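So, here's a batch of structures to check.
There are two complexes below, and they share subunit A, which is joined by subunit B in the first and by subunit C in the second.
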Partner chain A sequence: MKKVMSGNEAVASAVKLARVGVVSVYPITPQTTIIEKLSEMKAQGELSADIIRVESEHSAMAGAFGAAAAGVRAFTATASQGLLYMHEMVWWVAGSRMPLVMVVATRAVGAPWNIWNENTDFTQLRDAGWIMGFAMNPQEALDMTLQSFRISEDSRVFLPMMVGMDGFILSHTKVPVNVPDESTVDSFLPLRNQPYVIDPEDPVGMGNMFQPQDYMRLRHSIELAIKSSHDVIREVGRDYNSKVYHEIDYSTLNVPYKVDDAEYVVVSMGAWSGDLMEAVDSLREKGLNVGMLRIRYLRPWAEDEIRKALRGRKVLVLDRATSLGRGGPLHLEIASTVRGDVEALWGTVTGIGGVSVGKGELEGLIMEFVEGSKSEPERRFWYYPERVRRVELRTPREVE
Partner chain B sequence: MLEVRFHGRGGQGVVTMANLLGEAAAYDDLYSAAFPIYGAERRGAEIESYCRISPHPIRVTSPITEPDVVVVIDPTLMSVNNPTVGLKKNGIVVLNSPHPVELSWRTFVVDATTVASEHGLIRSGWPMVNVVMLGALVKAIGTVRLESLEAAVREEFPEKIAETNVKAMRVAYDRTKEVVRVAA
Partner chain C sequence: MAMRQLGMALGKDVAMVVVAGCSSVIQGMGPKDSYNYPVVNTAFASGPPVAAGMARAYKARNRDVTVVVWAGDGGTADIGFGSMSGAAERNEDMIYLCVDNEAYMNSGGQRSGSTPVSARTSTTPEGKRENKKALPFIMIAHNVPYVATASVGYPMDYVDKLKKAKEIKGFRYLQVLTPDPYGWLFDPSKTAEVAKIAVQTCYWPLIEFQEGKLTVSNESLHCLKGNTRRPLTDFTSIQGRFKGITEENLKSLQTYIDSLWDRIRSMM
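Moving on to the complex of A and B:
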């Protein structure tokens, strides 16, 4: 059934449908309405999960981890400063190989204070050992949250999974979303599966001091689990398509759009890929052979898929996130993947801290790339869609 | 695709307006995307919200800068900022105003503040004109049916508040008039 709802409401619906046992919550904009919606469902008797209210995000993840270790499907959500405060536990859960799910409604990181969208809070966790998916619209936020429980709990993976979605742009935008019914989801999502459970009858040691060789083996096992998650994600995606919803293809990790005959390919992630598709269509009408490759999974990173899609093309990578001093993280990943197999490679950081980048700006950017890459095949820069206004600051800065 | 931009002040329910229009569109089997600009919102501050309506799935996510329709629910906004900025040449303005206003676009006016007051739609001392103005909007654009909007209102609010709003919305629909320009 299609229902008009925001990205945050779509996530809450998925959590309910996944029969989550414990939701561990601490509010932060723009994620808060997820846990508000879950609390509302709980108050109305629609949600059977226990909701644990904690005093910080560190405890929110610790609560979810404890519940998961005890054998219960667990969920939490956060963003920005909250995710940073949770940081230690984020790594701990992955190292413990404990399946659980978190949604990150992305937001810029302070200082200075900023509540608007950017993906750096999400991308900075790419080394933490989580499976990391990123939605493009509220429908994907719902679908991917449901899939994430099964991916995370697959014995070939046994890792936590986070689903990112652009703060406000997806979290607060209301669109028609297909919400599957309970029996459909039950046929797709089996009962919880995990590597070990806290059980007084069968005690296990958790997170103890590990000797160097053993520790190294354990870290290696996470590397291998992320590698084997490629096939799990495709398999789960195909099953979701056949049992639950088929209008979005989940059989691939990343999503090509008009790439087959493209001379130019723009790489992106998240909500602005929608605006980018419009820009691609519009430029194609003007005779420019341009396409798009949308990154849906930052971890695992589908090297083969990506190399195949980009080989021989001129590539522009859009980053709504920073790896300060090195441009954007997607550009770094793409550069290390294509390794000279492309005709041109530009990386641009834009849309930071809520700066709006829509179809018009993207068309302008692509045209700049088409012209500029003729004489300059490699370039890294920050793109400002409008003139930057002057702000009185006491810190040095080059941008005026 | 039809792009509608709503202007009001924090506390007047501008965000809810965009959401209701989006939900009404769904009843008419149209796609919609409704969203607010969040920021320094607080009671009394100027707020914008947006709603796109289309027969096809909507891919664009950025704020609306060249709307087809501008709805201004607080008359004082016309003089303090420029809500019609970017409005298309053949666009439409729907305005809460006690008297006719001549603009360079097709303009529809209704005295929504009076309609809200007549129906006792007062919250914290303010006449709540948001749902009332949706009646005026539907009269002006006709893109969604009044019945669909009523269904959306009934889904959003508790029964009593919903019924009062629906009644007031119908009155506003009837009282909305297009201002035929006198000046060339």
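Moving on to the complex of A and C:
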């Protein structure tokens, strides 16, 4: 059934449908309305999950971890400073090979304070050993949250999974979303499956001191699990399409748009891919052979899909995140994937800290790339929309 | 020692959460360990919320399991203090056991918030300037169902308190003094003796707080009257960490201990 709802409400609906046992959360903008919605559902008796309203994000992840280790489905959500504050536990959960799910409603990282959208909080966790999906709209946020429980609990994976979505742009914007009914979700999502349960019936210990050789083997097992998650994600996606919802194709990790005959391909992730599709359509009407490749999974990183989509093209990578001093993280990932296989590779960082980049600006940027890449096949730069160009670059001493 | 007695007291259906500290090492090397309880090892500040998540999951699964957090004084007084206070305020269902050896002993004996004034540690070679954080009183102020202190010098008292704690629901806090021969600088064979002297000199009050009432345990009753206490110097002179303590500093330690007992009397 289609209902008009925000990304955060869509996520809350997915958590309810997934029959989560324990939700462990701490509020932070722009994620807060997820936990407010869940609390409302709980108060009205619609939600069976227990909710721990912890005193910090470090404890939010710890609470979810404890619940998951003791045998129930667990969920948390956060953003920005909150994600940084729980950083230690994010790694601990992956090292413990404990399936659980987190949604990140992305937001810029301080200092200075900024509550608006940027994906750096999400992308900086790509070394932590999690499966990392990123939604383009509230529908995907709901679908991917549901899928993430099954992916995370698949015995070939047994890793935690996070789903990112752009703060405010998706978290707070209301659009029609298809919400499946309970029996449909039950037919797709089996009962909880996990590598071990902490229970006196079968006293196992986890996380104690490991010798170097055992530790190294365990870390390698995570690398291998991320590798085998490629097929699991495609398999789960196909099953979701056949049982739950088919209007978005989940049989691939990443999503190509008009790439087959394209001379130029723009790589992006998240909500602005919608604007980018419109820009692609509009430029195609003007006779430019351009397409788009949307990254839906940052981990695992689908080298095969990406290399195939980009081979022989001129590629522009858009990053709404930074690896400061090295441009954007997507650009770094793409550059190491395609190497000499592309005709041109530009990486641009833009839309940082909530700077709006719309369809018109994207078209302008693509035209700059089309012209510039003729003489300059490789370039890395920060792209400012017109109104930002007028703002002077400041040093800390100049800010009052 | 405190770990062995825990096993005696709590029996079956226990799950342990062990935060960073010497107990994360003495389990032995993974992937096997030497405990008979299921154990979740976890990062320093996360013991109480991990235990809270487990307790809630057991409840959801209709399993009757006592969750025990095992943490040192560093994990309790300092880095884990916020999350413990949060779990206590929410009255999460667990036994929180603080194993107090009065310094960061696992990393080589650096000062903690629970180190007493004038004690030398590897980060306070001149003697610590500040008093020991009065954790039991802070936990009493949280008004949780059960707070108690114990000493490994009096194992029966410790075991009784653990057994009592197991029968209560909600947040239960136990702090057990465990003298460390390597950090406190005394011969390991004297561990139980030092733990007893700590109580006899009234340095370490054995108390219980339940249903809003504070009681003094039998081994500490003599401390309520100042004139029957064993002299504090019996405690300070048996350990190397107080070597060279000045008269003035000894007086300051005594003043701190007197203030603890004033507080206990005022709360009874």
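Annotations
The rule we apply is simple: the second predicted complex is superposed on the first by the 387 of 400 C-alpha atoms of A that agree within 3 Å, B and C clash if a C-alpha of one lies under 4 Å from a C-alpha of the other, contacts with A are read in each partner's own complex, and residues count from 1 in each chain.
Just so it is clear, a residue touches a chain if its C-beta (ideal position, glycine included) is under 8 Å from a C-beta of that chain, and two chains touch if they have at least 3 such contacts.
Note that the coordinates shown come from a computational prediction; the quantities given were computed from them, not determined experimentally.
Superimposing the complexes on subunit A yields a three-chain arrangement in which subunit B and subunit C fit side by side.
Within the superposed three-chain model, A:W92 lies in touch with subunit C and out of touch with subunit B [touch as defined at top]. In the superposition on chain A, A:L84 contacts neither subunit B nor subunit C. Contact with subunit C, but none with subunit B, is seen for A:I52 once the two complexes are overlaid on the shared chain.
A count of residues in subunit A touched by subunit B and by subunit C gives the higher number to C. When the two structures are aligned on the shared chain, A:A74 is found in touch with subunit C, with no touch to subunit B.
After superposing the two complexes on chain A, the angle subtended at the C-alpha centre of subunit A by the centres of subunit B and subunit C comes to 110 degrees, rounded to the nearest 10. In the overlay built on the shared chain, the residue A:V22 is in contact with subunit C alone; subunit B does not reach it. After overlaying the two complexes on the shared chain, residue contacts for A:A62 are found with subunit C alone; subunit B is out of touch.
In the superposition on chain A, contact of A:P203 is made with subunit C only, not with subunit B.
Residue contacts after overlaying the shared chain place A:I248 against neither subunit B nor subunit C. Taking the two complexes aligned on chain A, the least Cα distance separating subunit B from subunit C is 30 Å. Within subunit A, no residue touches subunit B in one complex and subunit C in the other.
Within the complex formed with subunit A, the subunit C residues making contact are 12-15, 17-18, 24-25, 27-31, 33, 35-43, 45-46, 48-61, 63, 65, 82-83, 85-87, 89-90, 92. By the touch criterion given at the top, residues 2-4, 30, 115-116, 166, 168-170, 172-176, 271-272, 274-275, 277-278, 356-360 of subunit A touch subunit B in their complex. By the touch criterion stated above, subunit A contacts subunit C in their complex at residues 21-22, 24, 50, 52-56, 58-72, 74, 88-89, 92, 198-200, 202-211, 214.
Residues of subunit B touching subunit A in their complex: 19, 22-23, 26, 31-36, 38-39, 58-63, 65.
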